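Given below, in the form of structure tokens, are the structures.
Okay, so chain A shows up in both of these, paired with chain B first and chain C after.
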Partner chain A sequence: MKNELKIITKDWDKLNPLRIEDYIAIGGYQSLEKFISKLKPSEIIAEIKESQLAGRGGAGFLMGEKLAQVAEEKGTKYFICNLDESEPGTYKDRAIVDHNPHLLLEGIILCSLAIGAEKAFIYLNGRYEEQREILAQAIQQARKKYFLGKNIFQSDYKLSIELFSGAGAYICGEETALINSLEGNRGEPKLKPPYPVKAGLFGCPTVINNAETIANIPWIIKNSGEKYKEIGSISSPGSKLFILGGVVKNKGLIEAQTGITLRELIYDFGGGLLSGKEFWFAQLGGSSGRLLLEDELDIKLDFNKKNQYPLGSGSVLVVDKTVDIYDLMLSWASFFRRESCGKCVPCREGTFRLWGIIKRLRDREISQRDKEAMEDILWTLNNTTFCPLGKFSATAIQDAITKLGKDIFKKNN
Partner chain B sequence: MQIKINNKKYEVTEGEIILDILNKENIRIPTLCSYGKLKREAACRLCLVEVKGSNRLTTSCTLEAQAGMEIITESEKIRKARSINLELLWSDHAGKCSHCKKNRQCELQNLAEEYKIENFHFIPRKGEITSQEELDLIRDDWSRIVVDDKNPVIARTTEFCIECRRCLNICPGKMVGFNYRAGDVVIGTPYEKTLDCLFCGACVKHCPTGAATDKNNLEEIQKKLDDINILAVAIVDPAILKSINNEVVEIKEEKKLNGFLKELGFEKIFSLNYGMEKYLQQITEELQNKKDKSMIINSSCVAVNRLVEKRYPELKKQLAKVDIPDEIMAKVIKTDYAKKNKINPKNIFIVAISSCTAKKSQSYKNLDNIITVRELGRMVRERKIKGSSVKELAKDEIEEKDFSSAEKIIKTGELTKLVLKKIKNKKLKTVVTDSVQKTKEILDDIRKRKEEYDFIEAMICPGGCLNGGGQARKIEKVKTNK
Partner chain C sequence: MLAKTVEKILLEFNPQKRNLLPVLKNINSVFGYVSAKDAQKVADYFSLPLALIFQTASFYDEIKTKKSSAIVIQVCSSSNCAVNGAFNLVREIEIFLKIKAGDDNNLKIKLEEISCLGHCGEGPIMLVNGKKYERVNVSELYKILEEWLGN
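Coming up: the complex of A and B.
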């Protein structure tokens, strides 16, 4: 298939996630060995910089930059793998652990050693209990093989990895909230600056990266950053995991090159829509994602900052015309009404009131005042909140109103 | 370094916080969550400003000054943002002011007035909704309420709370925090247990709304004051003169206060300095008679007593066996004074007007009630006493003698000085401390036997009773053109 790619998902069908031998058999931990025997930390970082690998969590910050900044700092440093995947409809990071936990571990070890951290954390979504078990076993196995611990490959490098399960809050995917949670505080965002690269976990320089981003690292070290850069879109090259959901024929996880279009994803990979369904719109990136209509399906999906449609977590929800838009809107609104941390006024009160209004909208009880109130709330969520969650909570509903517009406020059934 | 604010140049230092500059230069900026030097939470999103070159609104409480910065503090966009955010807070509040204890002393109410906030913007009115289910929903909108009315000092209800976090940041014991999340967030204790702290009252003092207030039955007190068969006695703590003006603007000095107290129904008004003098005498005596190597901790700060009882039970014996000045004085009034004036002590009702909230956590033999400055203000407002018609009156005296020198002990450190002056043995080792943090450090040292003292003067409120948790804050109100 055009644009098909196997970097992260390579050999998934051959692997038993509970056996390190399987991963070693397909060339696993060779990148780590290469690093220990031949490379300096600065060379690894240069390689990652060269690859132009952007963070896959949604913000798209260049990973090499982050690593380089922390590598320059002195004293205790930390590396954190963000596996607090909680965007509705997204399970790419979980899939990585389910199929190839050692790929992730190798990536974490490489990055941690590159920046000079001796302690790394994997921050797991609290509901990923099974994945925690898999990772715990994988860490055990890696220690036994001296890929982890005090003398990695008989060198002086040392690293320990600790698993930490969150209590199940969406906001803890945001890096500063994640740090708060890891420190034992209430999971809510901190003020930036200082950024985690300067003062992160326990005030030490910290790199936080999404699990998917990290899973690319072994390939980059093995094959060079230059080769990675050749894959996919020019502005943010590489592979990307997508989760296809909704009314498509083949739902599930897809690995493709960045720069692929939604149309290709839905029709080439997803096999098109289920029979008898008529395309209405697609939502890109979970509950916080934007809505794309038929004529927007040809835009390229990558992490270019100028993109009107941010890729977000990479999940794609295809919606057909039989779906009750009010139910969908209510599901977005309830999600954020539940997941706002409650710190700042516009997000705490705004998501709460928005939820109330959309309930009335669903019941066709909406009044003129409600319509105005809704506009006001969406505006303040967009403009005045403490962290991006406020903006996220407004995105989909705002799009529904402007794009699916005319019919939404009709009072008849 | 220069920056421009509203097109006017100002000299500032680099890195200075814009909000502080605005306050210093008297440029109006609304705030709710920030207060003084408390941690800047940037939670209320009201102090938003525009910075030239960025189309985002930024909170001035977190913004650092940089050379060449141009700040705009008022624009249509800023006003819109502030209005919507205030309205969101207001939707929980609308219509409740009349029965709120902080009515007319509320920062949110003042801001709502300043920004002309509509009452029901985010909540539909009854007529706009037809189904019963939806009507129930409106009721739900009002019901995220956790009430703590079991403790003796602080009445807490999240009904009036705006989650500004001042109490959370000011609390020296970190007794409260956030419970739940999103729209369900409430300030509360772990597991929503009844508050059982030192009761220093800092949270009540700093609460911008009526979420944390003084607990008392003012109606019951007022009834006693109005009862002609009962002699109502006020004991006035000299410390309250510092802040009573913040509650009742007409009261500028003691004589006017006495007039107001008379209007409220107090028949006799005494100054606490008599009780303070007696306290001084008694504690000096105890110190003179103490055995070697034993330690005495002053007992006039009830919050310190509570701290010792809760955290340092082994030091409980060291607390001076002297009552608080208010109780010493109440005892004199109900015994000697009553006898001399032929009054049945049962018909005397003594109220101490105090800058302290912790005193309320104990029960006393002779002292009948304690009210704070804020509660006095509330009583005056409820009585609708006209300030201009109130006379200036002299206070009453128990003994014809001047005790005003004892008044000094409302400030930390003065007690020790006065005690040492009275005492013959000058070799005493003493230590003076205030605030929970510093007091704990000293008590920890004593517990670990690192240090030994003869006398420890400890106060929980920084600066002593003069800055007590029962004092009133100045609540600024911006005049609006209607």
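Coming up: the complex of A and C.
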């Protein structure tokens, strides 16, 4: 097996997540100390910009740019860690909390102080009750050590971190919906612009980042952005957490550098397919991700804007030929029907109709009319919805039809 | 310990709108759902219209605005569980118990599909009244149902 990279997953086997001392023993909170004693906020941001760290929540926006924009704003500002993580097959952010919550806290503190926020939030998936408990304890411990609170390391910097749990809605991972949810409203997305960096939580400038993105920050501050940039892909360097699922030998979490190929991920890191299984396709990025056939596995996994196959959340489902494709299609359709927030008609109606048609497809009752309607619906979802969820709901099903095409409708002929 | 009342829960929070979801979650976890009467109390406490309380409450899967069935069976039907046979379980349960997934009107028993719980390696995952079962196959399914329903 290839060497795994250890930036986020470093020393996980040595750490008790409930003991801050363990984290301190491996050099934890030294980046924060370095910042407080030696650096200006602008220097932190310059370092992060230099690193070229791109958001790991899916969109791949450069983190340094966002921080810089909000740092320039005056008045009350907020920093939010997005730990809503509800993409099917994805549990990388939860793994960070389960193994090293203080790494995440240190990252949040560094980012918040860098932009001049005195209050940060962690928006947790509603089901992450254990993780909420771990984080609550970690926050207490950090406060006792003066890493949080009023006089961080005896300086004038202050910060409090508040935990906020969602209540079961995939769309609340989208940043504007997340803000609505935090404000006590329905978690529906809002029109952008204004972007959260201008008018975010309670109308104030706000930076929202994925938990994994934030977990890279302590390393960058300790080792420099330049060093970080040397790791992995040129277009979006650094570490990436992947989750492998399906018929691979080594299921679960893998940390690797960006830019490895999907084939390397599945065969070198994942140990290949379970014996006796024959590869059919892989889905990249959870239920909203695209399908890749055997001859497409050499794509590079990074956040290059030109990528035909977006990396998304970084989870990969490997599917073999024995799988009932109708069940899988129904799974996608059923997920998006449930998770459509209902704000816009094309998605609310489209995901519902699509689900109905896929059900009939599965039950071998699909008609010619259904097939035609399906094309219309997929087009509408792809082109007319208010937020990206609509497009997500069409992606895999569209790929299944065009790439596995003949196989899909065969049983009906 | 004294029984928790809605009034007591409310007093734990400031009546700021950003505390609305935490309050609703709290009431839901103690009483199993947010009744119209309780929603009115929340509305009064926050000085918000009742419609607004329901607007927020009805949006979230975890908040119920109706008393739920005595037994709630939930099957994760997200992709990893689906390729491991989750829909077989759904079909078995539907036929065996003569219920339909998603039907909300049966006070005794309810079956619903839910989204990924992040235990994808151990799927298919099934919950009965919150209790989690992993790697459920059809024969185990019947054992579990028996456990909850008697023969």
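Heads up, the rule we're going with is that the second predicted complex is superposed on the first by the 407 of 413 C-alpha atoms of A that agree within 3 Å, B and C clash if a C-alpha of one lies under 4 Å from a C-alpha of the other, contacts with A are read in each partner's own complex, and residues count from 1 in each chain.
In this text, a residue touches a chain if its C-beta (ideal position, glycine included) is under 8 Å from a C-beta of that chain, and two chains touch if they have at least 3 such contacts.
Just so it is clear, the model here is predicted, and its values are computed rather than measured.
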Quiz item: Does the superposition put A:377 against chain B (first), chain C (second), both, or neither?
Solution: first
Exercise. Look at A:186 in the shared chain and tell me whether it touches chain B only, chain C only, both, or neither; answer first, second, both or neither.
Key: both
Practice problem: State whether A:91 touches chain B only (first), chain C only (second), both chains, or neither. | Solution: second
Quiz item: Which partner does A:169 reach: the first (chain B), the second (chain C), both, or neither?
Solution: both
Exercise. With the two complexes superposed on chain A, say which partner A:386 touches: chain B (first), chain C (second), both, or neither.
Key: first
Quiz item: Thinking of the overlay built on chain A, is A:339 touched by chain B (first), by chain C (second), by both, or by neither?
Solution: both
Exercise. Could you say whether A:351 touches chain B, chain C, both of them, or neither, answering first, second, both or neither?
Key: first
Quiz item: What is the contact status of A:126 with respect to chain B (first) and chain C (second): first, second, both, or neither?
Solution: second
Practice problem: Applying the touch criterion given at the start, work out whether A:369 contacts chain B, chain C, both or neither, answering first, second, both or neither. | Solution: first
Quiz item: So which bits of chain A does chain B touch that chain C touches too?
Solution: 169, 186, 338-339, 341
Practice problem: Over in the complex, which chain C residues touch chain A? Could you list them? | Solution: 16-22, 24-25, 55-56, 59-63, 77-83, 85-87, 113, 115-118, 120-121
Quiz item: Along chain A, where are the residues that touch chain B in the complex?
Solution: 169, 186, 191, 336-346, 348-353, 355-357, 359-360, 363, 365, 367, 369-370, 373, 376-377, 379-380, 383-386
Quiz item: Of all residues in chain A, which touch chain C in the complex?
Solution: 85-91, 94, 126-127, 164-170, 181-188, 243, 245-246, 251-252, 283, 286-287, 317, 319, 323-324, 327-328, 330-332, 334-335, 338-339, 341
Quiz item: Where on chain B is chain A touching in the complex?
Solution: 40-46, 48, 56-57, 62, 77, 80-81, 84-85, 87-89, 91-92, 120-124, 128-131, 133-134, 137, 141, 162-163, 177-178, 180-185
